[in-house]
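Remarks on the structure that follows.
Order as written gives the chain letters A, B, C, D, E and F; numbering starts at 1 within each chain.
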């Protein structure tokens, strides 16, 4: 758990980086004036909102994170095709199910990320997280093998997230 | 010297009692008397000029727009009345000093009395019609105060109100009459008016003006059928009756007729109305007076009767009759004032005014009795007393008329009958009070009153005698100049003497005497005869009339203003329908010459979406959440419409407002019923539907007609000057912050005020919080879902960045302070939704109210900045700068203005929404639904 | 070619919107309707993007961005309303 | 002072904003001192503005330096200056009264009051019809908030009606503005008056609809029959200083009718000239009748006064409908008189109400008043003024209107009605007064002295009545000049401040949305 | 296009006015919201309809009338402020009077049997 | 050049619109709420992604500079779509909406609604 920011004027550098990028994205530009503005907002906005941010586990291994993002994006594309077919086919072929997935990660942010990933990827929607943060309830559109699904989610998504946030192993 | 002072002195006199009461009653009364006395001296100083046939005038301009001048004139008639008003007024002041008991507020009494006196003086000296009317109304007002002096008594209040109503109504008629005369003559100057008798007589509106003026005079002078207020005015303290109801107020009506005698009299209409009214009043008053057991009641009806006599005389259209009328004015004032005073003394000393109780007072107060008897004899018209003289003149004049054509002989006969009754009631006054056995159950043992209270009576009775014995010497000149004024400078020959030889009038007097005595001796039969008649008191009729008026008014109001908003809105919509729809009927063709835009599929689909959703909102309006969802679809399509028709700023604004509205409605819906039963009947629904549908048709037609007509607008100016003059390429935004920045300033102020108002509404609101939802389900136990919390938190900086982006580009591209403000607010609200108030509280310590205020201040200050450069408020400034490496950039004061907008929006939205959240408490109770 | 593609896309989006509307009417439950509304928001973004491409302008980008941001808030608020009644507590 | 015309708007605006911020926001005493100072300044400024307009003619203040009709212009002519002064004095009275304690009964009284002043002054001064709408909304939202000041069921209930009706009204306002802009292509009132002449037949019909819809809107604000329903209960429910201030609210509706239907659709408007008059006549008469019936039917003093407001609106509009210069002048005089007097009456009624225990202001027997003398005198003067009895201003205004009703037809309608309502008022108010002041039971020994501020406030408003009579000459002269100005069609004067050099519009390519 | 635009405006106005005539505060608020949509579209239409003509200099060949747009913006904001106030006032009214009827009390009228059936069923 | 740009953009447009349509189709035709939830939340992300990329390409091509701000919309949708789905599922379970009969482990939804361990 990170309790104190490392730099007073840059409480969350990652956020700042994100904001910096987004500003340039928004303005479609790399003009010097906008770089200054982007830097300005990247510094001021996190300062302004720092009070509104709960502490989160520290972020590690950016490369792994990038790989994770790309993997999820790829899975989204596939998921869409699969779901598209399921939707178009008559619904009697569907095999929906509720599945409870035991969680190893504990903190809010990683759990949220995992739940989001699950929702964005093949045929599953995160429906609920148990109060003790130990179970993720998932609705599956077309369940083949329950255990395989649990393993897949834990291996493919939870593990990298755990590594990225270096938590509780 | 100044004529103005004659009026001003009594008027100033109204203030005297307020300052002198503390020095004791004697000093107070003395000081109060000083000013009218002074005024009287002034009048007397003018008297020689008047007796020389002059009229004195004084005019000051006041309100020319209504023809009102401060204008006074003193002529013979005024002089006569001034002497009566001021002279008897002084006597009444003296009398009242001893009459009023210690409980009564002396200063209050004197204030009212002086006010009244001033008003009377004003009436008789006015040389301007409007001013005359002003004083006329002042007498009504002050008499109201005087009559209701003992306001704790119900009859005093009612009597005063009745007097005020009747005389007030007459006053209004008089006003109309005077205005009409003014319009006919073209001036409100009395001199001019009095000189325009031909114009007035010839004018088509003469009868109307005459009737209106006479209504004023008759009500004031208690002429039939307006006589009924006077007896009830006897609830006033006796000094008031002595003054108002003998010498002054009731005489104001007579004065009015005398004043306008030159211009209004002389026609058949005048003749018929005035003389017949007078005659009826004379007879009625005299008849009823006989049956009154109340001493003052008797005197009141006697007054009515004598006023009728004077009116009759004035109505006869004969100069000599007018002289007689004026003479009787003087005589009646003296004997009636003294009689009232005597009655007051009797009442004061014996505790009763009921003649059934009062008997044999001669033994107890012989001196007072003597005075009263002399005065009563004057009233009866006994020779050697003043009443005899004028009554004889009256008889003579009744013989000289032809009111009723060949039936005119009845008038002298009726006059004699009236006189006989007058003798009878005078006899009753004398006999029933001072003789006729012993008193019955009097509250007090009667005794002679204090010395000073008799002085006024003595003076007046002495006058009765003096006038009665030496008429020409005492009042000859006064009567002459007064008649001189009334009769337009041509006074007929008359001879004021006790003895005119044996003639018909003398015989009539004699017959009246004898008749009166006979009547009085047979009074028992008369009383019995009278008791067969239902004597409905005018007071009850009056009160009942007023009551039923009020009842009728109540039922009308309750029917129309039934407190149902639906009806009010319906009326409003009907008006809208009529006003918007009628001009459309004149519209021969709806479509103009403007080329229309071809239809496309996406538009049709969006339109269908909007139509279905709008209709669904209406159909399901009682299932509120559902309706809300459909409503938001409509809002979404509206935004898309704006985008489609080239209004990106509008689309953005509509979208953001839409979301905030939905949040707001959801917040509120929680505290309101989720659904309601069908309340309106089918008939009502279909009527509403019809009206709403018709208005929809009107609006749609107007819209279509507008869309298809070509339009030349001033918008080119904005497009041409947006960049060069306002420094921005987004013309809409430049209009908002520059061309029409004032609108925007107003708009954010509206928002700010709304927030303050809402905060005010929320403060101390005690509202039940539903423990379950509308289907009876318990609420979820997860107030702040974790995922929502985390994601909302991380969205906040992004949203702020986007709002900064929208804000900064606003001047040149779609966006601006308002939308940016809404985005910021929504982002913060999202935190409230996700985390709850408790979580936010320690994290946001700023007062939203300050943000609103500083937003408004920044926007205003930006506007004010232009003052420094000699420019008008809200003149903008912008310029382009260039920095190394960064390059060229623009700075504009409009941005600062927009910042003000941004801050106000954020402050207002947050103040509204965040505080709604504070309504909830931790526990939720089951509430009783009241519908 | 592009215009044809835009037309096809627009037709599909219109059909989607009509389907959303159908679900909105049909329900049967409140979550169904909220879901339909949310989908409608997203389809509107698509429509705006298509419109921008069709008119060759970027003026409507912010509108799309705003729907993306605010549509979420609206949906979340409605869900919260159903769950807890009180949006802010 | 070059910026004089905008000061009546800016002063309350800045004052209100400052009162929301520390140090003023923290202490009611500071707020009171500040607010009263501002209001007195406002009175001074208004007098100054009035004198300037009177002596130097109409003042034009071009906001942002944009030449009208493109920018928003404030036009201070005799009428608007008069209305602003009227508002300032009335406002000062109401505020002084509130400072005696009523302002503590809820939040934000003083800021809201200032906002209300700002809205009213803005509505009077603006020369732009959309800006008029904006200021209408400012004053309305402020009035919504002020209306509930003090809390209580009655206020809430009345406010619900008031707000909903006005919101519908605002919608209609915007429809009307849309039509007017859609046909005339401009928003500046003077410019609209120019353009209204050259419309084709179709545009005329549309413009007429717009103009008549505006009549509905302004009629609603003014409480013209049949749109008056909201007024009596609303005014009777609200707290005294607010009700007193509201005495000006209906006048704003009348003022707007004057502006729109005399300036835009006046005698020079061609086919559209005087289009509202045929409606105004019967409606004004009916308003008077209904209001009078309401006065007679009212069970309590405040409701009576509220109905008097309705009558005063009818009377005013009747004078407006006569359409003669003298009548307009009479209407203006009447406007001044009735505004002050209804304001004063609401304050007096409040003091009476607070001393009568549970009987409140109802016409029933109750315990005697603690201060019968002062209240009695005040009520008496006010009642005389209302009835139109001398020596107070009511009679002058009554005579002015009676005299202005010149033709046979006018005389036949106006005279009987005006005189009869005077009589009804006389009956009703004498009943009211005798009941309240004289029909007392028990005693009320705890004679507390009256709050001096309240007395000053009442004296200020009531004092206007004799002043109006004493200085009747110059005042009627001013109203006559004002009426003459309203009836004549004069071009806008030049701005004293620099006008921005605008780029010429591309000639011959005037924007044509064709 | 103009026909369908005008039709929609008229329909929205009609729906809005109909709901404003109902007796419950929240429904009136919804009616006013619908009405304000109609108003805004109507006001917008006073500048006529233009395709591809956003009034941003340099972005279009021919510009739509920017003035009504600015007016509508102002109207939207003001409308929002007013709606917000009314909504909270409706809550206050409910809190003070115990029901959400616009008149503060439920009008008493005989309940028809069919209505009773509905309520029970 | 233009042809290829147009071609890619056209394909992306049609694909994107198709996915969006399928999402809406799923919303309309799938048998219970939970299955319907899958359609929009996923299909739209890809659908919107394709449309936005098409827009990026075209704008970049037309305006001559790289237009990437459309990515932002995608970013927002990716962040918010799962939360929307989560909230909706939560609501559905809270309201105990009818679950398709053949759904495996239906009872889990009750545990989930109470946020307990299975």
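The rule we apply is simple: a contact is a pair of C-beta atoms (placed from the backbone, for glycine too) under 8 Å apart; a residue touches a chain by one contact, two chains touch by 3 or more.
Just so we're clear, the structure is a prediction, and the values are computed from it rather than from any experiment.
Trainee: Listed by label, which chains are in contact with chain C and with chain D?
Mentor: Common contact partners of chain C and chain D, which must touch each of the two, are B, E.
Trainee: Could you tell me which chains are in contact with chain A and with chain C alike?
Mentor: Under the touch definition, chain A and chain C have B, F as mutual neighbours.
Trainee: Based on mean C-alpha positions, I'd like to know which chain lies farthest from chain D.
Mentor: With centres defined by C-alpha atoms, farthest from chain D sits A.
Trainee: What is the chain whose Cα centre is as far as it gets from that of chain C?
Mentor: Centroid comparison gives B as the farthest chain from chain C.
Trainee: Using CA atom means as chain centres, which chain is nearest the centre of all the protein shown?
Mentor: Taking the mean of all protein C-alpha atoms as reference, the closest chain is D.
Trainee: Taking each chain's centre as its mean C-alpha position, how far apart are chain D and chain E in Å?
Mentor: So the centroids are 29 Å from each other.
Trainee: With chain centres defined as C-alpha means, what is the inter-centre distance between chain B and chain C in Å?
Mentor: 61
Trainee: If you average the CA atoms of chain D and of chain F, how far apart do the two points sit, in angstrom?
Mentor: 58
Trainee: Need the CA-centroid distance for the pair chain A / chain F, whole Å please.
Mentor: 16
Trainee: Touching at least two other chains at once: which residues of chain B meet that condition?
Mentor: Those would be 563, 565, 569, 573, 594, 644, 648, 669, 698-699, 702, 706, 711, 713-715, 718-719, 739-740, 743, 746-747, 750, 753-754, 757, 761, 780, 782, 785, 787-788, 791, 794-795, 798, 802, 813-814, 916.
Trainee: Spell out, as numbers or ranges, the residues of chain A touching 2 or more other chains.
Mentor: If we look for residues of chain A contacting two or more partner chains, we find 22, 26-27, 115-116, 126, 129, 131.
Trainee: Can you tell me which residues of chain D touch two or more of the remaining chains?
Mentor: Where chain D meets two or more other chains at a single residue, that happens at 130, 134, 137, 141, 144-145, 148, 160-161, 164, 168, 175, 178-179, 181-182, 511, 513.
Trainee: With touch defined as at the top, which chains are paired up in contact here?
Mentor: Touching chain pairs, listed by label, are A-B, A-F, B-C, B-D, B-E, B-F, C-E, C-F, D-E.
Trainee: Please name which positions on chain F make contact with chain C in the complex.
Mentor: The touching residues are 3, 6-7, 9-11, 13-14, 16-18, 20-21, 23-25, 27-28, 33, 36-37, 40, 44, 47-48, 51-52, 54-55, 58-59, 62-63, 67, 69-70, 72-73, 76-77, 80, 83-84, 87-88, 90-92, 94-95, 97.
Trainee: In their shared complex, at which residues does chain B touch chain F?
Mentor: Residue list for chain B touching chain F: 777, 780-782, 785, 787-788, 791, 794-795, 798.
Trainee: For a test of understanding, state which residues of chain C touch chain F in their complex under the given definition.
Mentor: Within the complex, chain C contacts chain F at residues 1-2, 4-6, 8-10, 12-13, 15-17, 19-20, 22-23, 29-32, 34-36, 38-39, 42-43, 45-46, 49-50, 52-53, 56, 58, 61, 64-65, 68-69, 72, 75-76, 79-80, 82-83.
Trainee: Would you pull the chain A residues touching chain F in the complex into a rising list?
Mentor: Per the touch definition, chain A meets chain F at residues 22, 25-29, 76-77, 79-80, 83-84, 86-88, 91, 94-100, 115-120, 123, 125-132, 134-135, 137, 139, 141, 143, 146.
Trainee: Can you tell me which positions in chain C touch chain E when the two form their complex?
Mentor: The touching residues are 55, 57, 59.
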